[in-house]
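Chain naming follows the written order as A, B, C and D, and within any one chain the residues start at number 1.
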Amino acid sequence: MNTFTIGSYPDSKGHFGPYGGRYVAETLMPAILELEEAYNQIGNEQAFQSEFQKLLRHYVGRPTPLFHAKRLGNHVKGASIFLKREDLAHSGAHKINNTLGQALLARHMGKQKLIAETGAGQHGVATATAAALLGMECRIFMGLEDIRRQAANVQRMKLLGAEVMPVDSGSGTLKDAMNEAMRFWVGAVRDTFYVIGSVAGPHPYPLMVRNFQKIIGIEARRQILELTGNLPNMLIACVGGGSNAMGLFYPFMEDSIEMVGVEAAGKGIETGKHAATLTAGSLGVLHGSKSYVLQDANGQILEAHSISAGLDYPGVGPEHALLKDLGRVHYVAVDDNQAIEAFHKLCKLEGIIPALESAHAVAQAMIEARRRPATDIIVVNLSGRGDKDLNIILSEENKGKKE
Amino acid sequence: MNTFTIGSYPDSKGHFGPYGGRYVAETLMPAILELEEAYNQIGNEQAFQSEFQKLLRHYVGRPTPLFHAKRLGNHVKGASIFLKREDLAHSGAHKINNTLGQALLARHMGKQKLIAETGAGQHGVATATAAALLGMECRIFMGLEDIRRQAANVQRMKLLGAEVMPVDSGSGTLKDAMNEAMRFWVGAVRDTFYVIGSVAGPHPYPLMVRNFQKIIGIEARRQILELTGNLPNMLIACVGGGSNAMGLFYPFMEDSIEMVGVEAAGKGIETGKHAATLTAGSLGVLHGSKSYVLQDANGQILEAHSISAGLDYPGVGPEHALLKDLGRVHYVAVDDNQAIEAFHKLCKLEGIIPALESAHAVAQAMIEARRRPATDIIVVNLSGRGDKDLNIILSEENKGKKE
Amino acid sequence: MNRIDSTFKTLKKKKEKALVGFVTAGDPNIEESLRIIEAMIDAGLDILELGVPFSDPTADGPVIQRSSARTLKQGVNIAVVFEMTRKLRKKTDIPIIVFSYYNPIFSYGISAFYNDALASEVDGMLVVDLPPEESMEMTSCWSTNELSLIRLIAPTTPTERMARIAQSASGFLYFVSKTGVTGSDGLDSKEIDDKIKTLHSITQLPVCVGFGISTAADVKSIASFADGVVVGSAFERLIEINLDQPNLPTILAEKVHRLKCSTKTTSV
Amino acid sequence: MNRIDSTFKTLKKKKEKALVGFVTAGDPNIEESLRIIEAMIDAGLDILELGVPFSDPTADGPVIQRSSARTLKQGVNIAVVFEMTRKLRKKTDIPIIVFSYYNPIFSYGISAFYNDALASEVDGMLVVDLPPEESMEMTSCWSTNELSLIRLIAPTTPTERMARIAQSASGFLYFVSKTGVTGSDGLDSKEIDDKIKTLHSITQLPVCVGFGISTAADVKSIASFADGVVVGSAFERLIEINLDQPNLPTILAEKVHRLKCSTKTTSV
């Protein structure tokens, strides 16, 4: 197993080895450079950090617990599984860690308007939440198809005072929402801060989002030592853009432990209907950075497919691409059916309704735990709660019945 | 202001002064006596308490934060408002504190089957959650009308492995569900534990539920001292059966501070369509204990009315009846419109979507804060999150549009 | 001697067991209810249990829940029930026991209730959700022992508790045949027999058995060891399915007659 | 001297400004697209900007988004675009600039792209999402300076950055008239004028202005201070609303003709 010296990536231009960088229209370059400067300066100030940490504690409810899922471990007769309970974070997922960080930064930069893209609506809700808390204006771009599928989150964003901007281009899903958010940003860049929802996008987003999310791993590391006296043998997290995974993995980077990133295999890699960018994609440039992408022979981006809207994205954060190449993190893919099964298992065995995204990580954890002795410890990032997915589960059940 | 010596109530037979007691069919009496004995014995054992506290910490996510809602306080230009964030507790409300306590006790008593009544579904979800976690069988009684109104919570209970028992008697709401749960219990009392969802029901439930919920106030008291160095001037909580209110109030009982319980005035006390049991009810016996109830001249129980399903109950815990008589707690009522307004205010000003129950407490907090200097501190129990109420808010908005 | 005690004494002499009949007062309406009750008495009913309807009858099954709802719509309340007993008293001397949940009584006022019950020549009270632990409040104003307080014993009641309950009871003991609400089915007469034996060893009071007794065969089997049988849901079910029949009193009377025959243990 | 430089030199002599026309390659289909482009050139177009369609055109407004989608359905890709430029080269000598997002180029292969571009007699490249910070990867294999790299300057670009960008640019500088995507409307010529002055003080390169220029009046006003105007969405909009017209080439040619007239500053 390779260990990895943190702090050396990204370089000053935002490159994670061959990945990352800044691939944006010139109109945005100055904003991105300004953001980088502001982040480097303000982001490291004591005042900013203490304000951010206070919000994480008193508003988000951090630290989130690390819960020993004994019945799940017993069920597979294998390793001990601990769940990092990001599902308990305010607004229902890890996304809030990042949106609060970016919104605070925006305010320090004097920008009073936030925009964001959203797929499942989780990042949109988290951004709208941060905007409401800090009294900022907020617009959320969301594909028409996702608006239809995720009605409850649309309503939540509106209740929080955000304007939801329907995107009808492309397939009306996350990729299109991000396209449209970038278009809007080009026009409004002077007073508007673009809150990107994962460790994707142009530098400094992948760096910044990872740093706002690394609290997950910092806490988990302290907690598992407290609870067991040992470091875990393995970390598992789902990978859409990759922010919850980076958040968990990063603080363990120099520890000699295995890490597994779980992508969405959708209806199966072989069907082409998946979102397994690292597993089955190739090198490309999308939404401002170079990484693995799903694309055709001509470099046209393909639509991703996953039952989990938050993983349904044809790109992935550049740091993951590097970690894959280095062999530091092992990437696997779990399909819709496996995720649904894990979803139900966690409901029934532990009384926890996970987000479908997180259910992918749980599915892999069950596979890994089965192969390992009870003395092994696996920490799984339970990135969010499943309330947003109830309709999807219901319609899957109905499909099942009809068939 | 009266202060109140805790520990003296209830007496050994479960009487809170003239209230409380045990008014149940003889078939249930032995079970209730057995429960009391088990609770007195097991409930105080170190092993039980440490298991319970561990679950509260690692599973529920306690302590829940105490959050200074600055923008809400600024908005009313008044006292500082702190929110006790029970909305962040696992499964979305304070209810889980109690259901875990009771389910653990049931297991210690050798009962593997749980039943519970539910209105909004919050207590049902919390009971189903505890049952799943502890591997117990679970049946939830719920009125047909509530099943219709609260589809998401019904689905959550089923996902958690509980059987939802539709109750079509009466008006198909909470009171009827509780009737039916008691009927079922009479028949299954030998192996079944009835998990009551509030500080109501026969002794020892009001005592036991208060004790399982008092963690709210214990934490809040420590937190407000940590954050401000002072005790609050006032506590505010909504009162359905009264468990979140008792949980917050109890550990402050001997402090010289004001406490306000907020009932649901529904469409207005004067319309008769309300759930303000303490404000507008009279002494009576319902569901096993003596307290205030909503009843007609013949002692027939009336239907309650509130936009908030969790407050929509014509009874109230006996300890509240006593606290009202003693003048220790002041009870007021807030109507549907005020609650909806407070709901929206909290969404937009703080990025928190509260349960409609909790919105009643927030509404009263805004009224109280307005009258007080910024140096005053009000602690509000934000008993749950509002995800379950999105449909109700939506249909209110649509109604508003039509009118 | 009050009517309840003398009834059991008389029956004993006749080698019969008591047929205790429950109906919800005023079902399907007050006049018809009176006619039904009179017909039942004429057909041989030994003791009448007259139910005060309650909005939240948590110890009752669907049949009595529905009869309560019907009679509440008719405006039946305690005052109406007392009016009915006064009328009945003009025509019959059998014991009348008023069955109620506690809240209507509490709401009526405890001493008013006691005084009016006596004035209306009621013989006993059965308050289903008022266990001995809480009943002092009600009985403390009962200045005579003219009104019997019928106590329930459940299959779950431990022996030692049975004894305590029996001590504070009067009239007879009502043994609940099974865990469950009124109208549940499935009787285990062996088990009941054992319990009755225990009760008889503990108390001098007659012991009646109720809950889920509906057929003549049930009655016969229970009557072979108990001092009386209580039939309730079976009568109410008959009323319910014949609501639109003009001859409801006759239908009920026939049922009473059939059941009463089975209480004559000599015929076993 | 390459075609771009000589075009600007010639225009300068004629006291004209360059009319740079953007169309998405292959819209509405490859043959018709060639006919349209030839007609536009015949009508006086000075420089052709030929767009490679991309699935995710984040810098483009709805009009060019739709034209990209149309041409992707036609199977247009870089190879097709090069085939088109080779055909066009047989009939015209005006500079051809290939406009693309970076990913199709990256996917095609960077040196293959360079070699094939030269072989197809392309004169310049504009890669909208490839800022100078990242362009080394692409240009490091550009062994000659036969291919110009057109750089964008935005209204948000600080002066000091303008200078740095200008240094690495060739052919001409493309000044983006406003913050926004292609096809946005509302021009502030005063502001643009100021920026162009700054740019002219920084660099010798010609400066063309694009984004949101659609009418002859727009062209006239911009042409009064810039070295060229770029029109894109206006042409694509014309194609889109006349998709079913047989005389699309004529319609576009007429538009070119009108706009071209407005670039002749002598006529001001």
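Observations on the structure shown:
As a convention for this text, contacts are C-beta pairs under 8 Å (C-beta built on N, C-alpha and C of every residue); 3 or more make two chains touch, one makes a residue touch a chain.
For clarity, every value in this text was computed on a predicted model and none was experimentally measured.
Counting steps between touching chains, the shortest path from chain B to chain D takes 2.
When each chain is reduced to the average of its Cα atoms, C sits farthest from chain A. Between chain B and chain C the centroid-to-centroid distance comes to 38 Å (mean Cα coordinates, whole Å).
Centres computed as Cα averages put chain A at a distance of 67 Å from chain C. Within chain A, not a single residue touches two or more of the remaining chains.
In chain C, no position touches at least two other chains.
Arrangement of the chains shown, judged by which pairs touch: a linear chain-to-chain path with two open ends.
Going by the touch rule set out above, the chain pairs that meet are A-B, A-D, B-C. Within the complex, the chain B residues that touch chain A are 57-61, 64-68, 71, 85, 87-91, 128-133, 135, 152, 155-156, 159-161, 227, 344, 347-353, 387, 390, 393-394.
Taken together, the chain B residues at the contact with chain C in this complex read 13, 21-31, 169-170, 175, 179, 182-183, 186-190, 283-288, 290, 293, 295, 297-302.
Every residue of chain C that touches chain B in the complex is listed here, in rising order: 54-62, 65, 72, 77-78, 101-108, 128-131, 133-134, 151-158, 161, 165, 176, 178-181, 184.
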